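Which chain is which? They are A, B, C and D, in the order written, and residues in each are numbered from 1.
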Amino acid sequence: MLPYIVKRVLGMIPSLIIISFITFFVIQLPPGDFVTSVQSQVASSGGGMDATTVEALRVRYGLDQPQVVQYWRWIKGFPTGDFGYSLEWSAPVWDVIATRMGWTLLLSGLALVFMWVVSIPIGVYSATHQYSIGDNIFSFLGFLGLSIPDFLLSLIWLVVGTLVLGIPAYGLFSPEMADAPWSLAKFLDLLKHLWAPVIIMGIIGTAELIRIMRGSLLDVLNQQYVTTARAKGLHEKKVIKKYAVRMAINPLISVLGMQIPKMISSSIIVGLVLSIPTVGPIFLRSLISQDMYLAGVILLFMAVMLLVSNLLADLVLAWIDPRIRYE
Amino acid sequence: MKNEEKNYLLTIKDLVVHFHTLEGIVRALEGVSLHLEQGKTLGLVGESGCGKSVTAHSILRLLPPKLCKIKGGEILFRQRDSAEPIDLAKVDPQSDLIRSIRGHEIAMIFQEPMTSLAPIYTVGDQIMEAIMLHRQVSPEQARESAMEMLKAVALAENVVDEYPYRLSGGQRQRAMTAMALSCNPSLLIADEPTTALDVTIQAQILELLMSLQKEFNMAILMITHNLGVIAEMADEVAVMYLGRVVESGAIEQVLGNPLHPYTIGLLKSLPKMGDQTNRRLAPIPGSVPDPLAKVEGCPFHLRCPVYKQKGCDGKELPSVVEPEPGHLVRCVLYY
Amino acid sequence: MQDFKGTAQRITDLYNQQDLSDESIAQQMLQSEQTAEATSQWRLMWRKFKRNRTAVIGGVVVLLFYLTALFGDFVAPYSLEDRMTQYSYLPPQKIRFIADGRFQPHVYGLKSGRDPLTLQRTYVPDPEHKIPIRFFVEGSPYKLMGLFPTNRHLFGVEEGIVSILGTDGQGRDMFSRIIKGSQISLTVGLVGVALSLLIGAVLGVASGYYGGWVDNLVQRGIEIVRSFPPIPLWMALTAALPQHWPPLLTYFVITVILSLIGWTWLARQLRGKVLAIREEDFIMAARLAGASDRWIIFRHLIPATFSHIVVISTLSMPSMILAESSLSFLGLGIRPPLTSWGVLLKQAQNTQVLLLYPWLMIPGFFVAISILAFNFMGDGLRDAADPYTV
Amino acid sequence: MTEDTIILEVNKLTKHFPIYRGFLRKVVGSVQALNDVSFSVKKQETLGIVGESGCGKTTLARVMLRAYEPTSGEVLFNQDGEMINVFSLKKAELKRLRRNIQIIFQDPLSSLNPRKTVLEIIGEPLLIHGVAHGQELKSRVCELLKMVGLSVNHLDRYPNAFSGGQRQRIAIARALALQPQVVLCDEPVSALDVSIQAQIINLLQDLQKDLGLTYLFISHDLSVVEHISDRVAVMYLGSIVELAPSSPLYQRPRHPYTEALLSATPTIDPATRKKRIILPGELPNPSNPPPGCKFHTRCTYAQDVCKTTVPAWEEISPGHWTACHRAKELELRGVGELKSSG
């Protein structure tokens, strides 16, 4: 197992380099740079900037250097935890995104857990009761879940929660708790705010996983070894659990790698609508204001997260499936 | 059917099984009768779609319950410690009773050695599971027995910790056999156990089955389309066509002196090895009818070279006659 | 019992004598075999698709949506920019069908006032003032399908306002705007999928058929594109579009951006199919009969993958529609004055506005319904696409 | 019955499939599918090739047709009295050659495009070579259908409307469309039921007689091969180990592997249950074949020399070739003896 892990981790390095390169390129795409966008801001508020100030700003931020140099200056600090400087926030990028990254990961993680906990039992039920009423209902709900975009769900929740149920449907904390020190009450308050966004983020994924689980389990149930297990005299429940579900779960793990980036994408939109401090809102802002290092680091982080989650999915697969492990 | 008093281990009487598919009803079995003595081998032979595999799966009630219905007939099986046979056709396929028989008193091996063992558990795991399910033993003892069984099927002991995908087809079929025999069943159902294997490996497995049969004194229900395999293995043989047994009897009787036009046609279709006369094969014309079609009268009359002689295309299925003791044939020509 | 051995011998002789020349075998086979009728692939697919009721419903809804979009100016009572400022933030009106004991669809006239506390404008329906809804009324002029100038609309009122889905802050009819928005939202998917298809099909088929380094190169490319999470990458790319670009150009560039990422999935799926079909013996048979690569690709491979292309395109429509509406919702996609469902939803982004005027999120339901319909239809198509593997 | 002109000659044909690993697709080894295979086929005879799975018989057929390029060796075809090497042909010449050598596959399901009608399937080779089109094509296809015992009413049907045997007939009709001289039959009856198998074998034999065809008949079924072949080659792990007219090969084999194969094949004669020779072990991995005689790991007669030295391919009696160090001294049992000794 260890050589496999080492091999896979080393294999990620070229991808990382290419990704950082593309990220930098993409961030540089917009015409003009941060200084031009500052300029236009100043201009719109009635002020003006003379050419020397503009030039001085450019030099200060290193924007006058060739692209390769700028790329190098940006990238070289990464191994030491220096992710550059946010021009807009006038603070190190890391300080700007650290806590938001934390919330993003927490929400995504919880949504992931929600998806798995809900989808596996339903998928198993649907497959073992194929074409039953229950299966049909779940299939329909699954389709529905698959089709309702997360922003719509957030909007619905905002309206229904606030206007119908009369509970605060946005933010992470009630206003009075926001600045309070950590306590049990604050934690409970957090939970009260947290569950809805978690479900909203998880719903599309849940619907997807149910479908995958159902299909995969139906496949596996037709396999000869399931009949073998039955012919042995095993209880049907055990046959399903030990032989069918255990094998059918493999494709779920392979999509795990795909689910995590989707969660992150979703956290951007849900965060924006429900005013939750994920990286989403500042990512959008940094893109618009061309705060390139901030936007770049966030994009890069997301790409790395995708790489890492794919790696994790592969490792889990290798861990549970000996055929992959020994290849 | 004279010998009904005889203590057969397994007696199947007029078994009828229908499949309810989206396209319609497939009459998989339309009255199958068989019997098998303790310690003997019964060969069940026929072309694809004749229902031989369905018969085998019906005995252990392994057919998908929603799709397949046993419409009638009995499957009488004599359990080890009881005088009265039980009717497996009436047993709930999810019940404890059938589960205590599966793998314990009746074991089964399958056609596809590549997929009949779960790929993610070791061979030992899967054998030990069967042992611990039916015998009151500790895991250590179960592992001991598993290793003994592997030795009995001429596999190395360390195969116990191997995953199935590391074994060849022949080795897997051996491991499968070890698992099937681990609880000393009185009946082994072998569903095309060598079809996917090469002849030299097939010879190994057949040899193995025969020696294990002697050692464990078990009966074997051997299902195959290969008449040669039957000739080598079986004591009795039943020839199936379209869900019915058309001829049965001792192997010498059926293969040496075939009576039913279908059996005769099958034998005439086979090139005989070492036969230097270079005769032309005399095949059965046409092919097996569509499984959804309902064939009335003798199932074979559509392809029979002597057909329509005595109205075998009527409504009635020809009844069974016994021209010589133990040799049964279902054909109007022998009335 | 008669001489059974004699009977058996007679049967054997019959087998031997019967000179089963091929002609007589053919005769017998014709008698004994039922052969299914001639059914082509498409007939089989259609038969299978028809059986799936939800898929058919999905298909009908999709068709309806596109027809509505095509005749959008006719179906919508108002044009995109018809502002009725006196009716800003009007909640959806209720349509009543029975007036004075007979069928006469109508809406109530409105009395507007101001909430004394919040100073919000309020509307009170006046049951006494029935405004009948007329069909094929004259309204603002437009060109039907961009060709025939006319001013007839499917329905409308001669006085007051009919607004079944409410109005926005500038008094623009949401229903009319949603219908106009569907023209963008639904075509972004179409154009995007078409572009993806072009890239994906060429690369996928090439990669699957030729294998070797072509395959390797395409696969590496796909891996790199896919190592970015799509929405953030889309955001970054669309944010790079200059603000001063004309909206139509932005629209086209956005479809290009969407398809730049969307093709990877398509290519992978197609490659898998092509790999599977390539291994079939009938391809080998054609090659060994002397067929050229061109012959095989155009006569066997593409016809065989065609049904899969249809399925894969249908199934990638939802993600295109979703991506466009998400981006426009975030303000990075389609820009006014062009309108899409996402653009309309942008107004709902403001929590306070949304809570006061919840009907502003109705465009979101159209996104959901269109995605649902495409998913249903695609699912049915997928099941029907391979009529040969039951 | 057969003329003695050689129509097809295979010389030292070798095919190794490289095994690729890793990102850069480095070659880390090779599967030795064919090793130094040589034989020749006479006009209008049937040469049977028999062996177990993985012995390279299918690869042989496909390399001969140049579906894959060989690693080395040559295949010569007698085209109007001139022996031409299949592997040195240019595209156009190769296309011309394909009219003369055709193939029938094992799986009649996979070998017919389910989306095409019978007319399109059988007519495809004619179209490719521009032999016929339109009404002429139709009448040619009808002739072919009649030839293989199918009704002309079947012209517009799709393969899914036919049974396995009928599909194989369609495949045969397609193979014969261009009036080839040689047909490679790659397990043409293995997927069929016994009764259908006999129909197809008879059909193949009749067609051979009527059209003067030459067959290369590949199968794992020894009795079928014996029945249809004039001469038989036995393959093991990518090499031919024995080649002889079928009667001597089956009655008095000269290679231990042939003996074991004959012995392992079950026969339906219930009177005699024979004494089997059970080969120990399994087929070695073709990417790492054993040194010396490749069969020595399973051979009951193996001696030290077999483990180190590759046996020579020798003509041990007229027309009877084998590659075994002990071919001259061993008294191996054929079909007849195997039976009686039981």
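One rule holds in what follows: a residue touches a chain if its C-beta (ideal position, glycine included) is under 8 Å from a C-beta of that chain, and two chains touch if they have at least 3 such contacts.
Keep in mind the model is a prediction, meaning the values are calculated, not measured.
Least step count on the touch graph, chain A to chain D: 2. Across A-C and C-D, it is A-C that has more C-beta pairs touching. Taking the mean of C-alpha positions as each chain's centre, the chain lying farthest from the centre of chain D is A.
A simple rule picks the central chain: find each chain's mean C-alpha point, then take the one closest to the mean of all protein C-alpha atoms, which gives C. Chain centres here are Cα means. That of chain A falls 27 Å from that of chain C. Our note on geometry: chain C versus chain D, Cα centroid distance of 51 Å, whole angstroms. Averaging Cα coordinates per chain places chain B and chain D 33 Å apart. Here the spacing of chain A and chain B, counted between their Cα centres, is 54 Å. Annotation for chain C: residues touching 2 or more other chains are 20, 25, 29, 33.
Looking at chain A, one finds that none of its residues touch two or more other chains. Annotation for chain B: residues touching 2 or more other chains are 265, 268, 282-283, 285, 287.
The set of touching chain pairs reads A-B, A-C, B-C, B-D, C-D, using the touch definition from the header.
Chain C makes touch with chain A in their complex at residues 54, 223-224, 227-233, 235-237, 239-242, 318, 322, 325-326, 329-332, 345, 348-349, 351, 354-355, 358, 361, 364-365, 367-369, 371-372, 375-376, 379. Per the touch definition, chain D reaches chain B in the complex via residues 52-53, 163-166, 193-199, 201-202, 205, 220, 222-224, 226-228, 247, 250-251, 260-271, 273, 276, 278-279, 282-283, 334-336, 339.
Chain B contributes residues 257-259, 261, 264-265, 268, 282-283, 285-287, 289-290, 293, 302-303, 305-306, 321, 323-324, 333-334 to its touches with chain C in the complex.
Residue ranges on chain A touching chain B, taken from their complex, read 223-225, 227-236, 243, 246-247, 320-323, 326. Partner chain C is touched in their complex by these residues of chain A: 15, 18-19, 22, 26-27, 29-31, 140, 143-144, 146-149, 151-152, 155-156, 158-159, 162-163, 170, 261-262, 264-265, 268-269, 272-273, 275, 283-284, 287-288, 295, 298-299, 302-303, 305-307.
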